[in-house]
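Both complexes shown next keep chain A, but they swap its partner, so chain B is in the first and chain C is in the second.
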Partner chain A sequence: MTIAATLPAAAADGIGRRAARLLYRNGWLLLILLLAPPLLWLGVVYLGSLFALLLQSFYSVDGFTGMIVPEFTLSTYADLLTAANMDVVLRSAGMAAAVTILCALIGFPIAYYAARYARGRAKAAFYIAIMLPLWSSYLVKVYAWKLILAREGVVTWLAGQLHLTWLLDGILALPVVGGASLSSAYLGTATVFVYIWLPYMILPVQAALERVPRSLTEASADLGAKPSQTFRTVILPLAFPGVAAGSIFTFSLTLGDYIIPGIIGSSRPFIGQVVLQLQGTAGNVPLAAAFTVVPILIMAIYLTAAKRLGAFDAL
Partner chain B sequence: MTDRSTAVRFDHVSRHFGSVRAVDDVSFEIRDGEFFSMLGPSGSGKTTCLRLIAGFELPTAGHLLLHGSDVSATPPYDRDVNTVFQDYALFPHMSVWENVAYGLMIRRVPKPERRRRAEEMLAMVKLGDLAGRRPAQLSGGQRQRVALARALVNRPSVLLLDEPLGALDLKLREAMQEELKALQRQVGITFVYVTHDQGEALAMSDRVAVFNRGRVEQIDTPSAIYDRPATAFVAGFVGASNMVDAATAGKLMGLARPFALRPERIRILGDGQAVPADAVEVAGTVDGVSFLGATTRYRVALAPGGAVDVVESNLDAAPKAPGQAVRLAWRRDHAHPLEGAAA
Partner chain C sequence: MRSDGKVTAGTGAPLGLRLMALGGILFLHVPLLFILLYAFSSDEKTFQFPPPGLTLQWFAVAWLDRPDIWAALWLSVKVAAMATLLAIVLGTCAAAAVWRSKFFGRESLSLLIILPIALPGIITGIALRSAYSLMEIPFSFWTIVIGHATFCIVVVYNNVLARFRRTSGSLIEASMDLGADGFQTFRHVVLPNIATALLAGGMLAFALSFDEVIVTTFTAGQQQTLPIWMLSELIKPRQRPVTNVVAIIVIVVTFLPILGAYYLTRDTHDFSGSGK
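And then the complex of A and B:
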C-alpha cells in the first residue's frame, strides 16, 4: 500500500473511515462489538450448560428402566440427603476446608514476603517458584507425590535416615487422618491438595497485599500500634479479600477434584469421584447434578458470611 | 542536658541510603510550641528529617532527642509524636470516626470515650457531620482534615506534617494555611511542617529551616530568611534574587564578595529624581518586560556589566519599553553579601 493508493480512498470518505467515525462518536457501539462474542460464549455455553446441569438435578431416574424422567421432583435431593451420600459431602467439605486453611496459613507468609520485601531479582525468583509447578502436568505431579509418600517412598526413607521413624509412625497412628502409609491416609491427600492448589492462594493474597500502601502501616505505627497490632487491625483486614479470593479457588478446586483422592488417600469417595461414577457407569445424571449443587451452595454461604463480616468493604 | 523548652534536637544526625547521604551531619533544635518549617527542594533531606523524628527512619549516625530523651533507636509506636501523611494514609476499611479513634483504640481507651473524643476532634476540624462516612467518600480537603484530626486526637507533643497541602488546589491551600496556623495556636502543640513551597513556609512558620543536599543552609524567622539569606542557595530558593558575582559586585559597589539583591528592592529613578543618601546608582538599559498584574518585572542590562531583574509596583510608575535607558538605585544594606561562591 502506497500513500498514493490510500489518498483517494480518504478523499472519497471510504466505508472504513465512515465506520471508524461512527465508532468514535458512539463509544458504546465499539464496546458492544468487543463484548458480544465473549458475552455470548459466557451466557450460552458457559452459564447455559451450568443451568442445564442444575435443571437435571430436579429430574429423577426411573428405578426399573434406568431412564431419566424429565419431570420436576425433589426425590433426587432426598437421595442426596441419605446418610451414605451426606458422608461423602461432609468428607469432601471437611477436606476442602482443611486444605483451604492450610493453604492460607502456608501461603500468607510467602505472599507477605513477596509483596512487602522482595524486590527485583528476588521478586522474579518468587514468581517463577510459584508458577513453575503450574507449568508441568497435574498427573505427573500427583504420581510423583505418590512415590514420595508411599510406604517405600522418599519420606519413609528420609525419616529412617534421620532416626525419626518413630515420629512418622506416631503421625500415621493418629485417628482419622492417619493410615497404613502417607499415600493411603487423609494426611497424604491433604498434603498433595495443598501442594497443587497453593499458587491459587498465594497469588491473590500477594496482589491484595501489594495494594496496601506502606504509608498505612507507617500510619498505624505512628498512632502507637505495635507490629502485631498493625498486622491485626490494618494488614489482615485489607488482605482479607485476597484470602477470600484464594480460598474460593482452593476450596472449590478441592471440592470438585476426583483424581487426587483416587490416587492418594484412603480410597473413601469424595464428591468429584461420586459425580464421575454417577454420570458415567451408574448413569444417574440427576443425582450427579444434585451433588454438584453442593459446592455451589457451600461457596454461596461462605461468600455471604464473608461479606457480612465486611471482608469486601475495602474493595 | 534535659531542656524542656526543646521539643526536638538533632545532634550530628546522618541518614545514608547506601552511598546517598539523604541527611548529612545535621544539628539543630526545634523549640517547644513553635511552628517550624523544613523547606527545600525534593531530595534535600527535609522529608527524611521528618521521618527520623517520626521513627520511620533511624539515624545512621548521631543522636535524635525528643524533649531531652534520646530516641535514636526508638520505634515509631513508642514515640510521643504523630504524623499527617502526604497521601493522608487513612485506613480505607474504617469509617471516618474509627480512623480518628484508631490511636485511642490502640491505647485501649474505652469505646464511649473514644467515640466522644473522636467526634470532638472532628468538630474542631469542621467535619462533625461526616463521622460515619468512609474515607473514599470524602474529598481531598476533607481527607486532609481527617488525617489532621487522627493525629491531633492523641495530643502528641510534636505534630509532624509532610507536605499535607500539596495535593489541594490553590484556594483551598490558602484557606488551610490560615486554619492550620490558627489550629496550632489553639492546641499549642509543636508543629513540624515539611514543604517545598517557600510561600507556604514563609506564611505559616515561626521559624524556617532551609535544606539543601542533606544539610541545613539556614535556620531563622521567615523575615530574616527572606531579608538576610545566609547563602546563595537560600537567596535563590526563597523568593527571587539577583545574584551578583564578585567581579560585578566590585564594579557596582566596591564589594569583594558576591551579593544577593531582591528585585523589588531596586528602584527605577524618574527623570531628575535624586539618588537617596545611602543608595547606589547604576545606569542601565531595559532588556525585557513582563507584565505580572500587580507588578511589572523588567530585565535591565547594567552599564558596568551584568544584568538584574527589577520588580516595580504598577501603582503610578510609567511603563518602560525595551531599549529604554534607565537609572537604577538600591540601598546599600539591601545588598546581602553571600557566604561561599556566587551562583
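And then the complex of A and C:
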C-alpha cells in the first residue's frame, strides 16, 4: 500500500526502469552483478595472495646473497623439518590442545547454566556477559593480564595477603610450566589464552545444549535414571558436537597466535613468532611460507576429525 | 512455561553449578576492571599492586602531551570506517546472491567468505604482505583497508543473510505485482527490511577492524593504528598508565557499537552466529 503510494504516478520508461526490466527478465545477469564484487575481492585479492604465499614456499633463499631464488625446489621444506622447528610445532600444538581442554572444562558449566537454568532477563544478561568479552579489544585483554600476572602485580599481592606465597612459589618452581614469575611462565601464557578464547567455546556449547529437547531428559528421568546418569548418558553425548565446534576456534586461534606468547610467557617461541621473525628480521620468506603450511595442515586434519564428531552441525 | 515449572525455574540449579557459572563470568570480567584501576595509578614504572597512589594526571598527559595517540586513533577510525563500508557492499552482495538463487558453488562461496577468519590471522597477514611486495605496492592507508575489509565481510554477510532468510519472498512479489520495478522494490521493500541487520553488521565490522592487530602488523608498514600503538607500548612501555587511558578509550569505542548491534538484533539472535 505504502509502496504504491510512494511510486511516481506515471512511471515513464526511463533508463532505470528499462535496466530493472532487463535484470528481472535475465535473473542470471543480476546474479552475476551481485556475485562479481565479492568473488573478485575474495577470489583475486585473498586467494591470490594465499596461493602466491604457498608458491613461495617452493622457492629458496640463496645462502650467499640472501636473495629469493624463484626456482622450484623442496629444499625449503627440508629446512623446515629440523629438530628445532619440530619442537616449535609440538610446543604450539601442545599449548593449543591444553588451552582447548581447559576452555571446555571452564566453559561447560557456564554454557550449561546459561542454556538450562537462566531465564528471561538473567538469560539476556548472561548472553551479554559472554558477548562483551568476546568482542572487546584483544590487546586490552592481554594487557589486563600483564598487570595481573606481573611479579609485583595483583596475584603476588593476593597470595601475600592470604599467606599463600609458598604455594605460588611452589607452583612457579614446577618444571616446564613454571618460571621466574607468572608473566614469564607457560602457566601464565595458558591462562591468558584460556581467558581470551573462552567465549568461543561457551557459545557453541550453549547452542548445542539448548537444542537438547526437554522431553528427552524427562523420558530419562521417567525411566528411572538419576540426574547424574541423565547428564552422563543423555546430555553430555548430545552436547559433545558443540564442544567439538568450540574446540575448532580455541585450537586454531591458539595455534597461530604470536602476540600472547611474546608478551606473557617464556622466551621459547611458538609457530606464529617464528613465522613473524622469519619473514621480518630474517628475510626468509620461503621458509616463513613453508612454516605457515604447518598450521594449515594441522587445521585440515583437525577439521576432518571435528566433522566426524558432528561439529559442523553444531556451528 | 508449562507445568514442569520446577525444572525450568532459575532457582533449580545445583549450588555447585551456580558457583562454577558465576566464577566463570567473574573470570571473564574482573581482569578488565584492573585496566580501569591502573589508569589512575601514580606509579608509572611498574605494575605495583595496590597502586601507591591515585591521580588523574594521566588523562591530562594523554590529552595534551601525546599527539601520537590521537594520530593513531584517527588512522584507526578512518581505516575502520572505510573497511566497514567496503565490507557492507561486498557482504550484502554476497548475501543477496546466496539468498536469491541456488547456483553452482554456493557452499564454496560461504567457505570462501569464512576462510579469512577461520585460518589463523597470521596467514592472512603474511599472504597479503608477500603479495604487496611481489607486486611492489608500497604500504599505505589502502593496504591496511584491504586486509581489514577481507575479514570484515563475513560479519556483514552473516547478519544480512540471517535477516534475508526471515524476509518473506511474498513481500517482494507483492511489490512487483503492484508495479514497482526491481530498484524501487529494493529501495522501498528490501532495504527497510534489512536496514537494522546492515547497521548491526556494520557496527560489528567497525569494532572488529578498530581492534585488529595481527593482520595489521603485516600490512601497515611504518603506520601506527591504535592497536599497533598499544602493542608497541606493551613491548616498550613509556608511560604505563597512559596505555591504560588509551585502553579505556578502546573499550568505550568498541563496547558501544557491540551493545548497539545487540539491541538492534536482540529479537533475532543474528548476533550469535556472527563469530569473530
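Here, the second predicted complex is superposed on the first by the 248 of 315 C-alpha atoms of A that agree within 3 Å, B and C clash if a C-alpha of one lies under 4 Å from a C-alpha of the other, contacts with A are read in each partner's own complex, and residues count from 1 in each chain.
One rule holds in what follows: a contact is a pair of C-beta atoms (placed from the backbone, for glycine too) under 8 Å apart; a residue touches a chain by one contact, two chains touch by 3 or more.
Here the structure is a predicted model, which means the values were calculated and not measured.
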{"item": "Partner chain in contact with A:Glu218 - chain B first, chain C second, else both or neither", "value": "both"}
{"item": "Which of chain B and chain C A:Gln229 touches, first, second, both or neither", "value": "first"}
{"item": "Which superposed partner A:Gln279 touches (first chain B, second chain C, both, neither)", "value": "second"}
{"item": "First, second, both or neither for A:Phe126, with chain B first and chain C second", "value": "second"}
{"item": "Partner chain(s) touched by A:Ser137 [first = chain B, second = chain C, both, neither]", "value": "second"}
{"item": "Most chain A residues touched (candidates chain B, chain C)", "value": "C"}
{"item": "First (chain B), second (chain C), both or neither touched by A:Gly43", "value": "second"}
{"item": "Chain B versus chain C as contact partner of A:Leu238, first or second or both or neither", "value": "first"}
{"item": "Contact residues of chain A, present in both the chain B and the chain C interface", "value": "218"}
{"item": "In the complex with chain C, residue positions of chain A that touch it", "value": "2-4, 6-7, 11, 16-17, 19-21, 23-24, 27, 30-31, 34-35, 37-39, 41-43, 45-50, 52-53, 56, 106-107, 109-110, 112-114, 116-120, 122, 124, 126-148, 150, 152-154, 156-157, 195, 198-200, 202-203, 207, 214, 218, 249, 252-253, 255-259, 262-263, 272, 275-276, 279, 285, 288-289, 292, 295-296, 299"}
{"item": "For the chain C and chain A complex, residues of the former touching the latter", "value": "4, 7-10, 12-13, 17-18, 20-21, 24-25, 27-29, 31-32, 34-35, 38, 46-50, 89-91, 93-94, 96-97, 100-101, 103, 109, 112-113, 115-116, 118-124, 126-131, 134, 146, 149-150, 153, 175-176, 178-185, 188-189, 204, 207-208, 211, 213-214, 217, 227, 230-231, 234-235, 243-244, 247, 250-251, 254-255, 258-259, 262, 266, 271-272, 275-276"}
{"item": "Residues of chain A touching chain B in the complex", "value": "213, 215-216, 218-226, 229, 233-234, 237-238, 310, 313-314"}
{"item": "Interface residues, chain B side, partner chain A - complex", "value": "54-56, 75-77, 81-83, 85-87, 89-93, 102-103, 105-107, 134, 150-151, 154"}
